[in-house]
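Have a look at this one before I ask anything.
A, B and C are the chain letters, set down in written order, and residue numbers restart from 1 in every chain.
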Amino acid sequence: MHSERSRRTTDLLTVLVLGYAALILFPVVWMATMMVKPEAVMFERPTVWWFTPTLEHFEFVLAAGFHWHLLTSFVVALASTVLVVLLGTPAAYAFARFEMWRRDDLFLFILATRMAPPVCLVIPFYLIYSKLGLIDTYIGLTIAYLTFNLSFYVWVLRSFCRDLPVELEEAAMVEGYPRWQVLRRIVLPLLRPGIVATAVLCFIFAWNEFLFAFMLGGKTVKTLPVAIPTLITTQGVKWGEMAIVGIVALVPILIVVFLLQRHIVRGLTLGAVKG
Amino acid sequence: MRRPCDATGRTLAAPNPLVVGLAIALPWLWPATSHAWSYKEAAAPYAVQSITVLDEVTPLQETMQKLVPQFEEETGIEVDYQLLNHFEVINRGQADLLSGRGEYDAIMVHSPQMGLLLDAGVLRPIDDLIANAELTSPDVDLGDLIQPSWDTVAKYQGETYGFLTWAYNTVYWARGDLLAHPEEQAAFKAKYGYDLAPAETLQQMRDIAEFFTRAKGEQLAGQTLESDFYGILLEGIKGGTTWWTVWNSFVRNWGGDIFDEDGSPSVDRPENVAAIEFWGDLWKFGPPGMAEASLIDVPTLMGQGVTAQALAWSDFGLGIDREGGSPYAGKFVYAPSPANADYGGPRSAELEPSILIIAQSSDAPEATYLFLQWMADRNTQLALAEELGAGVPNRYSLFEAPIFKDSRLASLYAAMRGSLEYGEAKPRVPQIYEINDVLAALVQQVGLGQLTAEQAMAQGQNEVLSICDPCTLSE
Amino acid sequence: MTTIGYSGKDVARGKAAGRSAIGRLWYPYLLIAPTMITLVVVSLIPFLYVLFLSLHDVRYGQVRDFAWFANYATLLSDPRFWNSMLVATIFVLIAVPLEFMLGLIGALILNRGIRMRRIVVPFLFIPTMMAPIVVGLLWKIMLAGSWGLISYNLLERFGLFKEASIFASPNAALYALILVDVWQWTPFMMLAFFAGLQALPVNPYRAAAVDGADPVQTFFRLTLPMLSPVLAVIGLLRLIDAFKVFDTIFLLTGGGPGAVTESPSILAYKLVFEYWKVGEASALAALVWIAFFLFCSIFYHVARKRLNAF
């Protein structure tokens, strides 16, 4: 009987969640229909709900080379996320686990790097990069993204670290495992949900970032968000093309989240947390 | 006389004495510079250079992009002609100039930017290059460039900073089919006492706006309206070119201005108040979204048939008033930006003359200069118009070219010509964008009925005073 | 992976040995070194440069004379600055709690389990995944006066906002922006909280079930305390980010009507890119930063003591 009620609750919640999803995704679905909606009926009043689809927007987008921008975005976002994970995971662990001299101050310092409005930082970055010749380079943009992604990653991951049971690590040390193995074999697997979730978020921030990519990028390094304003032309906004770029920009991330969510979701194997 | 033979024994043709005589005499008769000036020759010393040019992306420049290879081929100068949209060309362009980074040799600059850039001293004057006979074609015909646009945007204290390449302007835009409809004409005449025609004055524009503002269910040109219809559409967004239009198409047509002769702010003049009251009053004949309408939305909405009239940038008309651009393509009429019937002084219209300047940091000024000259050249502009099928002439002579004169958009070109006569570039005030922001916010509130024109102008005066006084270049 | 069994004695021995093993001084510093060095180079130096700029008269990007606190004085006496702080504060105080609550509820539901969860989760997450610039344009399509999809079909039909449009209405504009922000960032909270819930150890729940605790008790006594680190961090980060929102506001209202939606970021944008008053913009950055630093420090210490969240 308990499971019967449980099943009904599950169904009810599923309906609730699906309803919520439908409500919030309606604008996105509408935008998706704009991908194939002819220009003439795009904003006709009264609203045109049925129409004959067209591929003209896709042609334009491909002709304008948006797939290159997609690739650029992917490279920069991936590179900066990988860097962030490599640099930030040990730090998050350390902040959670150990007593350190001025630990709180250091930790707050990390967050402090994120506190100023990015708009104010852009010009100093531009000026510094300009002197170092880093403008319009992949390295330059990747490094710039470290500014906010690294602090975000360390702060969030640290909170995941706090839930790790210390006993496991201590026991492993007792058994004679060297410290790095403790990290690798015990801590990291347990941290997996946190790492994956936070890394995905960092990837998304880098993927969608506009201001820095615009000022510090250029002809070579043109990410997708930077390419989108080119669709705001003097002939009006190219909504169909914009819809395509918007939706296409979603797809890689959608796939990434879909694939990686199993790392976030606790599976049936409950790891070492026994007894 | 026996004809001479060549080595093979064939008889040589007898040389014609006239030809020989001319061949000998010709070099003496013809002027020393018997070569016609050409870009190719002028560019010879610079042929291996490459330059980077930043321009704004509108259909005009997109077409220009297709022509650039011709220049490259002819001169050997490699041109990286980049296009960015309006905000980007301003942001990136200025950042590049002001930081001294120097990625661009030439950048497109709108007239409001000139104050700031001149103040910062990052523009390279081109007078020496113009005076250089080797670099400047004798046919450059600078007098052909539209005035006072060119002088007001490109010249300062005796120095010139660029050619008038893009002569953007605003025009009056209306639905010709509605204005020509006999029922509407009869009703209009009965109500207002004069014939219904494209407005020549702002007062007429207002009457027409009032006349055509109808609710859903009412009749318009013999048909029942399925949704509300509006008499006029103006830009109303905070920012954009809202304030520029209010200033030049309205305020100055009342004899007002926001600066007096020595540049001190005088925003709260009674003439300004009267003009803005008139402008704000027009809002009741406009659609509800007018406060969000930007310079891009206005032509878009006009193209969708939402209103009967609009004041808009003429180059948008090129994109909207063509097949596939709007269901009402071909039904529009145009006229110069209207005058104020109650004011006898100089007439004003909103323009945005834009030039390409050479950066102080450019290391290829001559090559850049040649490219800029080529861009503003009559032949290039004509080729551009041929390629695009339309254009915005930057020269008087272009208006006479068949492609403009005999175009189906002849009314639009005539309107452009009219507006261009009355307008000029923005004054050289480095803080002008800040002032624009402040005043655009205030007039938007007047339009929305949140402030009276008097309150807005009084507040505007205070705010502008806190920005600058006097508002001029600092030397 | 081998499971490690241990007894109480082992734990004691482990603790004794572990303390000396784990507590060796150099190890934690080694772990944090890469991050700290990176941040010093990539964040601290530019920020110091910003401070430097804020203390000088910077005309058009050219640094001129040392100006002490002139920029700060100008800014602090400018009502526009204070207005922007107010706008951001209201924005944050309404948007973030909404996102927090909705996100937590959603995460709890997801954690409890629903059908097709694996498919639904990525889709629920779409609003956060979209580029802010696209989000801005999307909502412009939805809510633009007279031609927006929702404005036209729903609102005008019912006579709401007939005279002005949402984004131009001084009362409604800010709330419309808050709506957009909640739409966009609730999934972010949801995913983070969901991951947090998934990472919680199972044993305490088993023990609670054995003890016969009901769901409400379990939630308040077990889940909430254990989740509090994640809640605190995500909440704080979202708070900071919401204060700095730029892309959507810029696209939808540009700071208008009037200055009703002019957040500090929008004001900073104008100062930098339109007026080129880089010195003042830098002072703005410094002021916002100081405000945040104070706030975060207090929050951090309080949350640490009271909620054991850090």
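Everything below uses one rule, namely that a contact is a pair of C-beta atoms (placed from the backbone, for glycine too) under 8 Å apart; a residue touches a chain by one contact, two chains touch by 3 or more.
Values in this document were obtained by computation on a predicted structure and should not be read as measured data.
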Topology of the chain contact graph, where touching chains are joined (line, ring, star, complete, other): complete
Centroid comparison with subunit A (C-alpha atoms), farthest chain: B
Whole-Å gap separating subunit B and subunit C, where each centre is the average of the chain's CA atoms: 43
For subunit A paired with subunit C, centre-to-centre distance based on mean C-alpha positions, whole Å: 14
For subunit B, residues that touch 2 or more chains besides their own: 91, 95, 99, 304, 306
Shared interface positions of subunit C, touching two or more other chains: 61, 146-147
Interface hub residues of subunit A, defined as touching at least two other chains: 43, 45-46, 123, 127, 229, 237
Partner subunit B, residues of subunit A touching it in the complex: 39-40, 43-46, 123, 126-127, 130, 135, 214-215, 218-219, 229-230, 232-237
Residues on subunit B engaged by subunit A in the complex (per definition of touch): 57-59, 80, 82, 84-88, 91-92, 95, 99-101, 103, 226-227, 296-297, 299-300, 303-304, 306, 313, 315-316, 319-320, 324-325, 327
Residues of subunit C touching subunit B in the complex: 59-62, 144-148, 151, 156, 161-165, 167-168, 170, 253-259, 270, 273-276
Of all residues in subunit B, those that touch subunit C in their complex: 90-91, 94-95, 98-99, 116, 119-120, 122, 236-239, 287-292, 301, 304, 306, 431, 433-434, 437, 441, 444-445, 448, 450
Contacting residues of subunit A [partner subunit C, same complex]: 9-11, 13-14, 16-18, 20-21, 24-25, 27-28, 30-31, 34, 43, 45-47, 86-88, 90-91, 93-95, 97-100, 104, 106-125, 127-128, 143-144, 146-147, 150-152, 154-156, 158-160, 162-163, 165, 167-175, 179, 185, 189-190, 193-194, 196-198, 200-201, 204, 207-208, 210-211, 224-225, 228-229, 237, 239, 242, 245-246, 249-250, 253-254, 257-258, 261-262, 264-266, 270-275
